[in-house]
Amino acid sequence: MTNPAMIDLEAVKLTNAQMAWRAAQDIEDGAYVNLGIGLPELVAKFQPDGREAIFHTENGVLGFGPAPAKGAEDWDLINAGKKAVTLKPGAAFFHHADSFAMVRGGHLNVAILGAYEVAENGDLANWSTGAGGVPAVGGAMDLVHGARRVAVITDHVTKSGAPKLLTRCTLPLTGVGCVTRIYSSLAVIDIAQGRFVLREKVAGLSVEQLQSLTGAKLHIEAPVTDLTAAQVA
Amino acid sequence: MTNPAMIDLEAVKLTNAQMAWRAAQDIEDGAYVNLGIGLPELVAKFQPDGREAIFHTENGVLGFGPAPAKGAEDWDLINAGKKAVTLKPGAAFFHHADSFAMVRGGHLNVAILGAYEVAENGDLANWSTGAGGVPAVGGAMDLVHGARRVAVITDHVTKSGAPKLLTRCTLPLTGVGCVTRIYSSLAVIDIAQGRFVLREKVAGLSVEQLQSLTGAKLHIEAPVTDLTAAQVA
Amino acid sequence: MDKSIPSLAQAVADIPDGASVMIGGFGGSGAPIELIHALIDAGPRNLTVINNNAGNGHVGLAALIAAGQVAKLICSFPRSADPRVFNAKYLAGEIDLELVPQGTLAERIRAGGAGTPAFYTPTSFGTDLARGKPVAEFEGRSYVQERWLKADFALIKAEAGDVMGNLTYRMAARNFNPIMAMAARTTIAQVSRIAPLGSLDPETVVTPGIFVNRVVLAENPAQEEVLNRQEAVYP
Amino acid sequence: MDKSIPSLAQAVADIPDGASVMIGGFGGSGAPIELIHALIDAGPRNLTVINNNAGNGHVGLAALIAAGQVAKLICSFPRSADPRVFNAKYLAGEIDLELVPQGTLAERIRAGGAGTPAFYTPTSFGTDLARGKPVAEFEGRSYVQERWLKADFALIKAEAGDVMGNLTYRMAARNFNPIMAMAARTTIAQVSRIAPLGSLDPETVVTPGIFVNRVVLAENPAQEEVLNRQEAVYP
């Protein structure tokens, strides 16, 4: 199932930075947030003015800030992606069991993760492509069942144009029924009562076109607004 | 069953301090030790020269020392008996879950507790007299299943002369099969394979007399030596 | 972000009738006397209180019980130098007691904070306190299944706190406070000192701010032990 | 009491073939490179290693694996910038892998240290990593039963340590080190600095000495990240 309408997605879709910007708009002031490795990490750059989220990293830091200048890295101060970070005032260090007590105990307001596939029942697959090679899971399975809100940020379709938003996941699951919002490159979609509920879509696509790029039915419960994002990079 | 032989126990029995002294002789250098409230606390006073045990208290201190001078108490620095204590070099503070991780995780070398009753199968009853009133358990049930060695320090008989060392406990249990050594006012008794094994007894009593004061059979596997204690107070 | 609250009264104002409230402290050490007294002033009733003890004398938790606000107490050791307030209520059948071994109490609270609904422990196996609880064998030894313990509110006492809720404690006054901070929906910390943001060393923060919702200053806090030696009575 | 050991070689000398060994660190931060290299020199084989990762480059854990000393690895994330040593062994079937979600790994280790033989967690429910594990429902939600994890030895890295084994850490290099210290029969800590007894503030000790058996000085310890940028190879 590849892009049946031959839509020029490159022309209408959000950039990675724009997706991250959009996700950042939903993070309330004072929220405790865990951002997955890769694309989700970009979200930290786009906190709206006047709001301050506190970022948690599995390896035992709360309140870290952006990467230091090149050459100024301290390799004892890294995030879960093993990138060097800095500290903000009010930061704290703790060990791994305490760190995951924060995750599992429901203390994080939101976790934003990447995805291979998301299903309309909220299932997420983001840790294994099912192929051979070396499997690795990290903290994703903990985050999806721990954070109070689990959101996904992802391209709407795969590189080959196949939907990533599906009726049921085909790849090994990270968690069941855990995702409640998807920030895709084309839309913002909530997951409620086992259904995809379309909230926002890019202006350059019709609902029908978006549906054709989605592997499960998009429900509409209220007017769908334009998905707009600042011109960010 | 009260002192059938009308033995003058006051003349032969160890004082509380002497019982504590005897128990202290078995604590190796560098041992981590938890002492129950009351009589067992006395053990700390009698560490043999050249040995240093580290004392743990449930409420989150490792490496505490004797009581401060009267008037110099800091009521944030107390032991499980809520008595003011002092700190030795190398002490550490921690919270209650970490404190009981030490207890339950098998990190204490020895816990020495008081007893209402001890049975030959190692069962201990030391938290409830079974009567009315307000029940209270504290950390005893954790200590008996956590410390690597659980010893009891107790008068050999009750105030009315009834045996406290029994075939089976009659009072509500603190733990099952947990005690391995008893320091009584008349004897040192090991518990092994569900039997009391007499190791030491006060010189003023015959084995038969001691047996008459004991509610279960005393086994003898090796020469019984005299239970002697320094003249301590 | 500023979690500081201007007054003790405001800090506890929304604790309703019927709430479950964890209260830190071991005996008097680490007991948030000022917050408890504010709770007495506020007056909610029918509370379930989780504390290691059951109060001492006529201040703090004992005074809260005396005021008739506590319907149930979950604790390990309801005995103290002067437990008459709790004892009288208990023997009169006016307060429920759930007695929990101290390590089980601590671990249940930590489990509540860490998202662990149940765990196994050897503690209490074969005793009256294990009655009705599932038992399982692991590696040849028997264990009792215990459940997590959470609460609507936690009242805790810390030494220093910043506006983000990062806390340090003082000596053995730490005890149950850090784990109760983890296990309550709303954690209210009284601190002897407000630390300027950034002044607490991230290495020595004991309770990271994520576990704390409100920070309120209670300078020169009372010690239950000292109050009781003065035979103080609240209110 | 003096838990200090004069040399890294002596500190690991009694780790036998077939031992289970927890190794602290998250990636390179907090990885006890010097102790691992001493273990390579000592040469025991058929080890079961517990670590969050699977080594990076050709130093530390990667070098231990390359030396053929590791029969099984228990970890959450055997991927890194340069995982070629582990990958080759794994794909050749020369090393076993038990993949564990990171929080489950941490909690299983903490459970091992705290005497909790089993606990329940929502993590991994309904996934391939829960296969064969007991499942139970609490308050309407499904949970997976996980078992404790203990080891014969733990090799950990700390910042300062005294002769009683009290330890502090440095920033995010803390990670798995404090909980592994709790979960091993023999815990061996390399420290960047030996602190005079009494100089560590009891309030800021992260790992109390009760969890530590040996302390060995490794001044100016290497950072895996730095070594790998230098393309270092051990031995």
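Per-chain numbering from 1; labels A, B, C and D assigned in written order.
Convention: a residue touches a chain if its C-beta (ideal position, glycine included) is under 8 Å from a C-beta of that chain, and two chains touch if they have at least 3 such contacts.
Just so you know, these numbers come straight off a predicted model, no measurement behind them.
Of the two chain pairs considered here, A-D and A-C, the higher C-beta contact count falls to A-D.
In whole angstrom, the spacing between the mean C-alpha positions of chain A and chain D is 30.
The centroid of the Cα atoms in chain A and the matching centroid in chain B are 57 Å apart.
Chain geometry summary: the mean Cα position of chain A and that of chain C are 37 Å apart. Chain D has its Cα centroid 34 Å from the Cα centroid of chain C.
Contact of a single residue of chain C with at least two other chains is seen at positions 107, 110, 114-116, 121-122, 169-171, 202-203.
Of all residues in chain B, those touching 2 or more other chains are 61, 93-94, 97, 100, 103-104, 146, listed in ascending order. Every pair of chains meeting the contact definition is listed here: A-C, A-D, B-C, B-D, C-D.
Note for the complex: chain D touches chain C at residues 107, 111, 114-122, 136, 138-139, 141, 143, 147, 168-171, 201-204. By the touch criterion stated above, chain C contacts chain A in their complex at residues 1, 110, 112-116, 162-164, 166, 182-183, 197-198, 200, 202-203, 205, 208-211. Chain C makes touch with chain B in their complex at residues 26-30, 52, 54, 76-81, 83, 86-87, 90-91, 97, 99-107, 109-110, 121-129, 169-179, 206, 223-226. Taken together, the chain A residues at the contact with chain C in this complex read 29-30, 32, 52, 54, 56, 61-63, 87, 89-94, 97-98, 100-108, 146. Against chain D, the residues of chain A that register as touching in their complex are 57-61, 74-78, 82, 93-97, 99-100, 103-104, 123, 128, 132-142, 145-146, 172-176.
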